[in-house]
Amino acid sequence: MWDTIFPYLLSGISVGGQYALIAIGYTMVYGILRLINFAHGDVFMVAGIIMVYIAASGLPVWISVLLVLIITALVGFVIERVAYKPLRTAPRMSVMISAIGVSYTLQNLVLYITGGLNKQYPAIPVISDSVKIGSATTKVVTIVTPVLVILLVVGLVMLINRTKIGMAMRAVSKDFETAQLMGIKINSVISTTFVIGSFLAGVGSVLYFTNYPTVIQTSGAMPGLKAFVAAVFGGIGSIPGAVIGAFIIGIMENLIKGLDVILFKAGAISRPLGLAIFSDAFTFALLIIILVVKPTGLFGEKTTDKV
Amino acid sequence: MKTKSRKPAVLTWVIVAAVYAAVFAAEQILPPSSMLFTVLKKGATYALVAVSMNLLNGFTGIFSLGQAGFMLIGAYVYGIFTIPVESRPVVYQYYEGGLIQFTVPVAVALILAGLAAAFFALLIGLPVLRLKSDYLAIATLGFAEIIRVIVQWDPMGPITNGANMLRMFPSFNDFNIRDAEGNVTLYLSTLVPFLIAGICIGLIVLLLHSGYGRALKSIRDDEIAAEAMGINLAHHKRLAFCISSFFAGIGGAMLAMYQTTVQAKFFTTAMTYEILLIVVIGGVGSVTGSVFSSFLFVAASEWWLRFLDEKQMIGNFEVPLLRNGFRLVVFSIIIMVVVLFFRKGIMGTRELPDLFRRKRKEAAK
Amino acid sequence: MSEMEIKTVPDMETDGETVLKLEHLTMQFGGVIAVNDFSMHIDRGEIVALIGPNGAGKTTAFNCVTSVYQPTSGHIYFHGKEIGGEKMHVTPDRITEQGIARTFQNIRLFSGMTVFDNIMTAMHLRRKSGLLTQVLHLNAEEEKKNREKAWKLLETVGLTDVAEEMATSLPYGKQRLLEIARALATEPTLLLLDEPAAGMNPQETNELGQFIVRIKNEFNLTVFMIEHHMNLVMDISDRIYVLDFGKPIANGTPEEVQQNPVVIAAYLGVDEE
């Protein structure tokens, strides 16, 4: 029984960690701008495409990865400056529409550049290698991911709690106007948030596409949505919440993928039910349930509207 | 009390009648293969869907992204109930001809398509409509994804044909009247979608001009004040959601007729985004704007900007950048420019009759 | 005077027909008690004012009566029937339906609509025709009657000349009048006014006072208002309740309240107008 479940659990943890890295970007931006950055999943996809093209140029892998991370962070910065900053005082719906517009633009740009074809993600030494853990054979990235996620989250939490820019971030997310009055440079705080979020999405993309090594313009949509659900599930605005939410979603999703096999081996069903296709739908069902039962998520704060 | 000037309303009716007459005439004169008809048919379909989305996003202030899901329901219901019984063994070849072995008339199927979408809207609306703007957006988007998966699930196959496409149901071309030899005697394949969309959009306009329409707009303007004026938020939001979905369902059925096939995998989030962008370009809160921008969008993407996707030579000079996908890039840029710099879109919140009024004051009451 | 020293004063007796009655109303937000054990009542045809320094919990009390907030404890009765309070989960529209209408401190007009449509919207509640009848415009009779009524209301507040202007394009004072007209369109028997004279000059305030008395008589209303302009309050109120730090510290006729040392201390102590 355990031998059947274990491989699914393992890839669940891995994917969960990758979602976590995307989810942090969502939750940080939401915490500060109260905006669902619909384009964040596409930034993740763009990071994948950039890697494909940089690796093709023949640069050493570690330089390529570094370049990808820098360029991705820059993409996040530019998106914020071009598409969100001009709408700072606009109604929320306008900013959301702008985010959707950016998502549409990034996908179409990539479609144009790649010709709409699946691109093979380059194999990255060490983490692409196979390894055997117990009954399961997997890639090294599966083990690297959770470790790296924890390190990055610890680093990020320290950045937020110990540094000046971190303090400014906390202030802005608590009260936008007051923080501005206190002389905090809102725009640089927001830019920093986007840079960090995009950087982490870049890291996530390197790990994710090592596991699922093809990139196409729509590759970011689904992981992006799932990471967003993870952020909501954990309580939007909360970084640990987003990470825990992401691991839960990653694991559940993979268990559902294997549910037919698991149930079959356990003797509960005699023929496959095709339940695997619900692995995506499950995430959204979870979203709707959590929003109805506890809209503030696992770790979110409650707010009341003033009349 | 002063009386309202009737001139703008009369002018509007004249324009609408002229458009329908022109469509009818063009169809009899021009070859049916003309790009114009593709644009008109798809444009009419999108116009209905865009207006139905505007009813929610622009007039009620509910930011929903479930449109593709409701269109999918409409398209499937239409397909399932209109595929001729004798064609079913072919269509449902993997499911022994499918479960349903009867058909209903096209008009009935259209209404069923709407009702089915409205029914799902009612179900999903109960939990989801309590949510605030952006959460509601993502929850409705999630719902659309769930629907797409359920329809493709293998055990649903006898009804939905699983992941395979539905086809051979009546399409727009079947509205043409033919003689005994099968030659078309009267072309109606464009006029009929215009009529369907026209009636539906007309009903939405009537709704917006009724007391209920005002109630919905008041919710958009200020929920707390609306509630204090005795407007039941839950009830009215549900109403708007169901009505919008009803027409999105009919729009989905029209899309099925236009495409002649239906497959769940095409009703993606990207489709919803596209419709949202049409609404934004036309003007959030303007029915006229949505209709206008639907035709503009379809014409540009299917016809006028097609050349951007192909290599173009001017003399010996090859225009750079032009290849597959460039049209969409140009599109994206136009959209971002509208979103960032022309936030009111083409029409803002104005309607066609408003264009004939010089100032609001003149038409007072 | 500090928060601790404040004594809660019990409600007074009157011999009229009670319209609205609050019993031990308490509203707590986290650790903050915005309204603390507040009991009061209003009789038919009275104008009762609720005064107190900023942040005393006046608007919160209004929001409890209109069910915008769910009170932590206490009961609210309207014509003897419990309409709100602890464990009563009702939405604000149900309160309006029973005949309580309100205006807002920070004006909340429907910004995307004309002055006239703002009034028409408030009549939606009392319409008898259903959705289909309305959509197909088969309710011409009702629509005509409503339009005439809306027009009359605009005449009452003197806004007929701006009927087709956008509501939010009006000057401040006219917006306040429009809010009152809109509230009247819901056919209330009890009207709650939240700082109706805010931002008005003395002359406008004076006119507003006369206006409130006039509509009270014309529409057979009972009026409950929050107001900071003491001249207005003293001029038109039959009785006054005073809140400080959420607690009722005094009540009585304008003369009684004016001379009450506790009230004077509360106002002087917090540096108020």
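General remarks:
Every chain is named by a letter (A, B and C) in the order it is written, and numbering of its residues begins at 1.
Here, a contact is a pair of C-beta atoms (placed from the backbone, for glycine too) under 8 Å apart; a residue touches a chain by one contact, two chains touch by 3 or more.
Source: prediction; values computed, not measured.
Legend note: the chain whose CA centroid lies nearest the centroid of all displayed protein CA atoms is B. Chain centres computed from CA atoms place C at the largest separation from chain A.
The distance from the centre of chain A to the centre of chain B, each centre being the mean of the chain's C-alpha atoms, comes to 32 Å.
For this pair, chain A with chain C, the centres built from the Cα atoms lie 49 Å apart. Per-chain CA centroids place chain B at a distance of 44 Å from chain C.
Residue numbers of chain B whose C-beta contacts span two or more other chains: 224. Those residues of chain A in touch with two or more other chains are numbered 307.
Along chain C, residues 68, 104 each make contact with two or more other chains. Of all residues in chain C, only 66, 68, 91-94, 96-97, 101-102, 104, 108-114, 116-117, 120-127, 129, 131, 134-137, 143, 146-148, 151, 163-166, 182-183, 185-186 touch chain B in the complex they form. Partner chain B is touched in their complex by these residues of chain A: 34-36, 82-83, 86-87, 90, 92-94, 96-98, 100-105, 107-109, 111-113, 115-116, 218, 221, 225, 228-229, 232, 273-274, 277-278, 280-281, 283-285, 287-288, 291-292, 295, 307. For chain B in complex with chain A, the touching residues are 57, 63, 124, 127-128, 130-131, 133-135, 137-139, 141-143, 145-146, 149-150, 152-155, 224, 269-270, 273-274, 276-277, 280, 284, 323-326, 328-329, 331-333, 335-336, 339-340, 343. By the touch rule above, chain B contacts chain C in their complex via residues 1, 203, 206-207, 209-212, 214-215, 217-218, 220-222, 224-234, 239, 285, 349, 360-361, 363-365.
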